[in-house]
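Below is one structure, written out as structure tokens; the observations come after it.
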Amino acid sequence: MEKIVVNQYKRPRLNNPVLIGGLPGIGNVGKIAAEYLIEKMKMEKLVDIFSQYFPPQVFIGEDGVVHLVRNSIYYKKIPKGKNDLLVLVGDFQGSTQEGQYELSYKILEFAQKLNVSALYTLGGYSTGKIVETPRVLGAVTGVEFVNLLEYYGVVFPKGEPGGGIVGSAGVILGMAMELFNIRGACLMGETSGYFADPKGAKELVKVLSLLLDVNVDIKELEERSKQIEQITEKMQEDVQGKNQPKDDLGYFG
Amino acid sequence: MEKIVVNQYKRPRLNNPVLIGGLPGIGNVGKIAAEYLIEKMKMEKLVDIFSQYFPPQVFIGEDGVVHLVRNSIYYKKIPKGKNDLLVLVGDFQGSTQEGQYELSYKILEFAQKLNVSALYTLGGYSTGKIVETPRVLGAVTGVEFVNLLEYYGVVFPKGEPGGGIVGSAGVILGMAMELFNIRGACLMGETSGYFADPKGAKELVKVLSLLLDVNVDIKELEERSKQIEQITEKMQEDVQGKNQPKDDLGYFG
Amino acid sequence: MEKIVVNQYKRPRLNNPVLIGGLPGIGNVGKIAAEYLIEKMKMEKLVDIFSQYFPPQVFIGEDGVVHLVRNSIYYKKIPKGKNDLLVLVGDFQGSTQEGQYELSYKILEFAQKLNVSALYTLGGYSTGKIVETPRVLGAVTGVEFVNLLEYYGVVFPKGEPGGGIVGSAGVILGMAMELFNIRGACLMGETSGYFADPKGAKELVKVLSLLLDVNVDIKELEERSKQIEQITEKMQEDVQGKNQPKDDLGYFG
Amino acid sequence: MEKIVVNQYKRPRLNNPVLIGGLPGIGNVGKIAAEYLIEKMKMEKLVDIFSQYFPPQVFIGEDGVVHLVRNSIYYKKIPKGKNDLLVLVGDFQGSTQEGQYELSYKILEFAQKLNVSALYTLGGYSTGKIVETPRVLGAVTGVEFVNLLEYYGVVFPKGEPGGGIVGSAGVILGMAMELFNIRGACLMGETSGYFADPKGAKELVKVLSLLLDVNVDIKELEERSKQIEQITEKMQEDVQGKNQPKDDLGYFG
């Protein structure tokens, strides 16, 4: 078999599309943000990507129907001459080193064919503790992006985010720059990293809606963020009441 | 070498064959059921599949002759215009992620060439404790299979089997659906998962004989199930008598 | 690069050659026997096999010159119309599952080109304790070999060697039988498995010299066996004297 | 994608170039020496090598710009008919066994195309303790190099460096010799191996400048060596003062 199989369902004509990549990762911040965009903007599925670089498994839906694990790209035509939108989401990142590179390359080949004009990969930046108001940190393919992104609230701290970005958010961006001449940035929402975190995702969506000049209602992400806050506050009280070490909070993402 | 080598021994003309897949897995339930069908229905070997995706080893038979590890497909022509039968069995599943996908794909290519009309992969569903009367749980390629299978006693519990099927029983089914347009289901016999379990296998064989409209004498599986029951009851008594922890039951599958 | 690179140095005309395989393994019994044959019979190197399936390293000789790790095949023309001889030795077996299959296949392709008439792979059979007089156990590609080998002292115990042969001694034999129609046997010298063991190797050489009808002086292997016996006896005395657990003997092979 | 992608930026005509390889390794001695040569000799970048054999990650620079991990080769034309110079450096060695071989092979193919006349791979030799005056140990593709290198102070101790060289410094040299007929040596600077060690690197640079007949100012490496000495002396005092075990020195390379 082909190591990566792309099933394309539509052939839309897209206007200078921007590609957003939101695969699972730290706190699932990027994935939550990307799926939120797809849902709120009623995006349509363009391709499914199946691959032996994903774990060999299916999920079973509520109706008993199996879902072979995959990555998918959705699209949305945006009126008034603005950039059209492509969003990459999926069940997994490539689960080997080779898989990370091959999948990123295949996605970029596809992006190039569609004349993608800019690329934003989304990720989480793990702070290791609960963050009240998560920042969005940035890394770019060239200094010309720094001012633009700072204008929309993205932070470029000296020395952070600690030297590197591991996984698809980094590799897609790095290969775009070196091998495809596609430019862009990685946007990382701060998160404790302990659980699937809508708060960091909410900040990513806010930055993206400014950057792409589209309107996205973030009410639902705000509600989910509040729920998570209440749960973690409750847990911290419990923990302090029982005098347990704080990192007993554990991992439930 | 080819990563997968298929040695085909026969060229039968088959009538809308149904493919049953029963490779080693949880409680070896699927494998026991598949091997039982082959033996009781006196099926003939169609192909051997050798591959570098299997562990590099041979088994030695009672006569001292080595057996290179493999998967095999057996066939049986069924009279009266019913569907002919293909059964996949083997010593191992592919032992890498790539191997799981490549072997599943190769088997499905072969199935497609033989015009396979439906696919049933067999597996075990681990309950983690001894089950008196194991159910057969189902997962399907489309909702049109649910009623048919429920009619033959297959259960589609909400929320079970816990989200996913890992390994060949899942991947073969998922790839059949997405890449080969072959339809079917995964049938999972409940099992403690602690040992090779003929009880779950017996339930699978009962469902299959109804589903395929063939007669399979299950007496031998009933006897093996009784033997296992006696052994596990004895062990539980010993365990309780001696006040040992219950999970001393151990793994001897 | 090619995954396996074969450098062939000679093009001798060989008469129905027999291939002996002695790569590193349990107690290095097969390797010691094979290297002993090469030295005592003054065999010449036919090919070097380099491969990315071996660990990425070089050894450094006494003269400071590096030796890239490899497998090699040596040959010897035997007079009086007897079978000529090929012996496979090396620094490592393939260090991945894929490597085990690919290297075995490449060696068998080469064997087939040279019209190899029979194959004997050598290995160790681990007894887990010191053996006074190691037996040579056998496994074969067909029952027709059993009588022949028993005649030369090879033992075919029921139920032993415990179900299987893992690694190149098994895979080369199994693939020879299924994919190349080359026939033969695996000969396993008993060994504690705790250290590189010339005693098991000596028994292998004795069987091989009968089987191939060649004269091999085994004096040197006898001396090395005696040295090892003295060392292990000394260690056992020390251990018993000091009341230490016997498995403190450890692994120094 | 190609498993290894070579982006070549220049096409200089080189005169019998010598290739120096200094990738990360024990004490990073080879890498520090190679990067020092590049900086002090103002070498220019010839190629970048990207590969799925490297970890899937980017580094982030002070300016926020991402750097996809890579190996690179720099060059310098040396006047007066001397050998021109090529230096290989990088963020990582290949991180799989296959990667080690494939990357080494690709680099040697490139070296062959440029008519490389000799090869020196650099590495560290771990002594496991602080060394006052590190020696440079050698391993060669042929005895004809021993006298030459001993003349420049390289040591060929009997029995050392302990049998083998693991990783790219060994594999590049071994493959150069066996598959490309390129000759040379591996030069290993002694180091504790506990941290990135400029002292061993300094000794490598001294030998190389003699060997290549080029002038390299080693003042800066001397200063960095002194700083490291002061730090480790301070740590040893602290350790002894506090009666802590000596290996608390730890790993901070």
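Structural remarks
Letters A, B, C and D mark the chains as written, and numbering starts fresh at 1 in each.
In the analysis below, a contact is a pair of C-beta atoms (placed from the backbone, for glycine too) under 8 Å apart; a residue touches a chain by one contact, two chains touch by 3 or more.
A quick note: this is a predicted structure, and the numbers were derived from the prediction, not measured.
The chains in contact with subunit B and with subunit C alike: there are none.
Taking only C-alpha atoms, you rotate subunit C by 90 degrees to land it on subunit D; that is to the nearest 5. Centre to centre, using the average C-alpha position, subunit A and subunit D are separated by 38 Å.
Rounded to a whole number, the gap between the C-alpha centres of subunit A and subunit C is 54 angstrom.
The multi-chain contact residues of subunit B, meaning those touching 2 or more other chains, do not exist; every residue touches at most one other chain. If each chain is drawn as a node and touching chains are joined, the picture is one closed loop, every chain linked to exactly two others. Here the chains touching each other pair up as A-B, A-D, B-C, C-D. By the touch criterion stated above, subunit A contacts subunit D in their complex at residues 94, 97-98, 100-102, 104-106, 138-143, 146, 156, 158-159, 161, 163-168, 170-171, 173-175, 177-179, 186.
Touching subunit D in their complex are the following residues of subunit C: 1, 3, 5, 7, 48, 50-60, 62-69, 95-96.
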